[in-house]
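Just below sit the structures, each encoded as structure tokens.
Each of the next two complexes has subunit A plus one other chain: subunit B in the first, subunit C in the second.
Right, the complex of A and B next:
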């Protein structure tokens, strides 16, 4: 089940980077990031960068829910950004909702986390230890009520059939091996919607839900990677076109050659 | 910490260029930046950009009980707060002078100049009226946020369609958009705002639609809001270099011409967008 995502880099002029992300066909969030920049004396930390997240809904003043989500995002970002690299600075995130969000669901939290990650990738000025991608999972009982399956992004499901739901965030990093990018779950909000002895959350169930979320999260990560690659390929093509106008024979370089010729 | 732009070399360069009749981005003195309007999937959602300055506006409506002193009218509230996304200089919760100006101008241009016909927002007098909410988010401040904000607000109001309501006696039925086509708001007129920047050196002519550097180095700003029918709604000049009456009239004439062009552009964009949507099937 690959999630249908819309993602793009944006070009806001007064911040260091911005990106849009949404599950579905239109972007749900626009995140901008500025950093590392000057920090207020009160918020300064002597050995690490301060991370500030502002979540702004489309309608209404930001309220308690926005504050809760901002705390969640800050935790997720702290895990992927190497904050010790830039002490006494500020990394400022502003997450702007592009669609009305009367209630912040797990899907929206996942979208926000992915959006922040995407804007970090666009910035390039902030050292990261990995890339965090998130998806939301729900355990849905089937129509006859006996079996239950794990579904990604279950927006259309009948609410009474959803037994437990949550968002899983995975950190993709190549710190462990160079061939494959391993992922580890760094944050979750898995909870049962019917608290009580019969339908409470069990450890094995949590593990199953997490395994169900791993593959879609990897697919989201692949999409982010291909977005970055696209941007790089367009830039290289442009320089190739400029060079070709000077040289007599146009050499067509494909991606493999480019990697070989790329200098580090 | 690096002191905020502009630096002295930037200032000198700008003034020297203006003395020669050149603007740093190559525009004429009375030329605005290109306007682009992007409409969202939902009605009433528009992202407006004036060059690199970008603003997002969204309108939504809900039914509420009207206040007792005005039982026959709906009302409109405008919410605009600058976030650090527009620029890291803006702090949340501490409105800068520019933010206060924007809030007040939006209020004057959209609410006090009676853009929306409030009586048409009444459903059942004394009990149910439409409460329109206009949310404006500044995404990027590259100079002249004010014009962009006003334009986004007006276009969002023009783009929005409210659900069709049927009143039978005391019963109110709201028809969802899937059953009956939503109807547009009834607007009295469409004001557009134009900001001119003056400089302390009075030999320099005013520039229309200042970009960030010009706005920072201005010696006075004058904003004029008017509609395409040459009716002035708001003339705002708060402080700055004193102006001759002749200069002001010249500026008003320039703004009137620009308003006509802008109005034609907005209408054509709205028409294009409307044709691309399937709102009603006949």
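Right, the complex of A and C next:
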């Protein structure tokens, strides 16, 4: 159940960092981040940075739906960014949709959260306590209607078989031992699509859905890490080639090993 | 920590004012000052004693119905509107009025009417709102309520008068009169009660004249007013919780507690106590220590615990509340 994601760092020139993310084969959102920058007096906070998120759909002006999602994103980002490190500053996110979004589904919200995280990683100027990755999960009944399974990214499934959908966001953070990375769920949203039926949501379901979402979220995180490593490897290689051309006796540096041991 | 509050005997400027007040009033002023200056420590001190600032028990005594504030519902008080309701949860007061108008249905959905919920948070309900365009909070509330009410409780095709030509549009307007936390629950309850209270006049579409004629039930008894076709099974009720400092679960938070919470949990149940939707923003209870320990499996079970606890608390509360809501709104 490995999620099919498209992710890349972008190169918008007037902001501090930008990134694209999408579930599937094309990016769904482009996020830019500027920060820490000057904040207007009304929004200034004396002991922590202010976080502003603007969500823009592909068509039309942002409405109440965009506002609601922006509030969710702001809360999620507040959990991964160490806001006490830069008081009286502003960290501004702009999330631009690249595909038409008539209704903001759980999958799109998950893509937005991942896109914001990716742009934070690209910026490097904002201290973070962890990385938040999100996936959407749906409970789908099997063809004969007896069993139900938990699937991620269920866009290809028949809509009538989807009984409930939800989104889970996990905060991945390094612990004392480098092998285990603890993860905690920082955002849950789950709703049943066929209310009134016997297949409504129960408490145990949530735990199972969350367990189903944990591994794919970790895989999204691994993809993000490998994207950062790739970027660093290209940069180091370019520096090495420049040095080699300047000095006559170039010592060969083993660049590959350093990247693998680099902690993110 | 030594007492941070000055005693009146050592403070000469205070003594002249305090001579008119009783000892109890002096204590109340000291406590209110402390709350203004150090809101977080104020709440922490209360929670250490297993009680909340408004006197309710914390969720340690989970079975206690007093963990929730008192709910009062009054329907039909606005005579100029087809449907109305006034709801009070503790001090949070919301009044909801429903206006019905006629319009043409959309081309894509010729058999459906419209339901337009809106929440207004005017400056009179709380000092944190200023006059002007709707704040972010009002917009988020309106959108969340739109999502919940659009879940199938009211069949939009029952609002159609003539397919493709004429349909009812219901403007559900809620105004918060006093903001003391948990506005979402109060507003949802007000909107649901007002919808159940709505009485639509009989409407006929005249195809030759291209207009809709409504008849009052008094003038023509053969064309009575009708109530909305609401599916009783799907009537939603919302229950909000907050988590303070990662260790205290607070059901139904007040305005002063709301600003200090780090996790918000909202559970929406239908009439049969089945969960319609659940959302948790923030880590659950007892989560911060888990991050320090770096244990892999523990955090997920703790979050599941918090949500499961909230759902069962909500179900218990719903059993108590549903009778009250149904009795007053038919």
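The rule is simple: the second predicted complex is superposed on the first by the 241 of 264 C-alpha atoms of A that agree within 3 Å, B and C clash if a C-alpha of one lies under 4 Å from a C-alpha of the other, contacts with A are read in each partner's own complex, and residues count from 1 in each chain.
Everything that follows uses one rule, which is that contacts are C-beta pairs under 8 Å (C-beta built on N, C-alpha and C of every residue); 3 or more make two chains touch, one makes a residue touch a chain.
A quick note: this is a predicted structure, and the numbers were derived from the prediction, not measured.
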Quiz item: Will subunit C clash with subunit B on subunit A after the two structures are superposed, or do they fit?
Solution: fit
Quiz item: Should A:88 be classified as contacting the first partner (subunit B), the second (subunit C), both, or neither?
Solution: neither
Quiz item: Where does A:183 make contact in the superposed view: on subunit B (first), on subunit C (second), on both, or on neither?
Solution: second
Quiz prompt | Superposed arrangement, angle subtended at the Cα centre of subunit A by subunit B and subunit C, nearest 10 degrees | solution = 100
Exercise. Answer with first, second, both or neither: which of subunit B and subunit C does A:37 touch in the superposed model?
Key: first
Practice problem: Tell me which partner A:236 touches in the superposition: subunit B (first), subunit C (second), both or neither. | Solution: neither
Quiz item: When both complexes are superposed, which of subunit B and subunit C contacts more residues belonging to subunit A?
Solution: C
Quiz item: Given the touch rule stated above, what does A:98 touch, subunit B (first), subunit C (second), both, or neither?
Solution: first
Practice problem: Considering only touches as defined above, state whether A:75 meets subunit B (first), subunit C (second), both or neither. | Solution: second
Quiz item: Taking the superposition as given, does A:54 touch the first partner, subunit B, the second, subunit C, both, or neither?
Solution: first
Exercise. Considering only C-alpha atoms, give the closest distance between subunit B and subunit C in the superposition, rounded to the nearest Å.
Key: 9
Self-check item: Parts of subunit A lying in touch with subunit B, wherever the complex brings them together
Solution: 12-15, 18, 26, 30, 32, 34, 37-38, 54, 56, 58-61, 92, 94, 96, 98-100
Practice problem: Would you tell me which residues of subunit A are touching subunit C in their complex? | Solution: 64-65, 67-68, 71-72, 75-76, 79, 171, 173, 175-177, 180-192, 195-196, 200-203, 206-207, 210-211, 214
Exercise. State the interface residues of subunit C toward subunit A in the complex, per the touch definition above.
Key: 136, 139-140, 142-144, 146, 151-152, 231, 233-234, 270, 272, 274-284, 287, 290-291, 293-296, 299-301, 303-304, 307-308, 311-312
Quiz item: Which positions of subunit B touch subunit A when the two form their complex?
Solution: 1-2, 40-42, 45, 52-54, 56, 58, 60, 79, 81, 83-88, 92, 133, 135, 137, 139-142
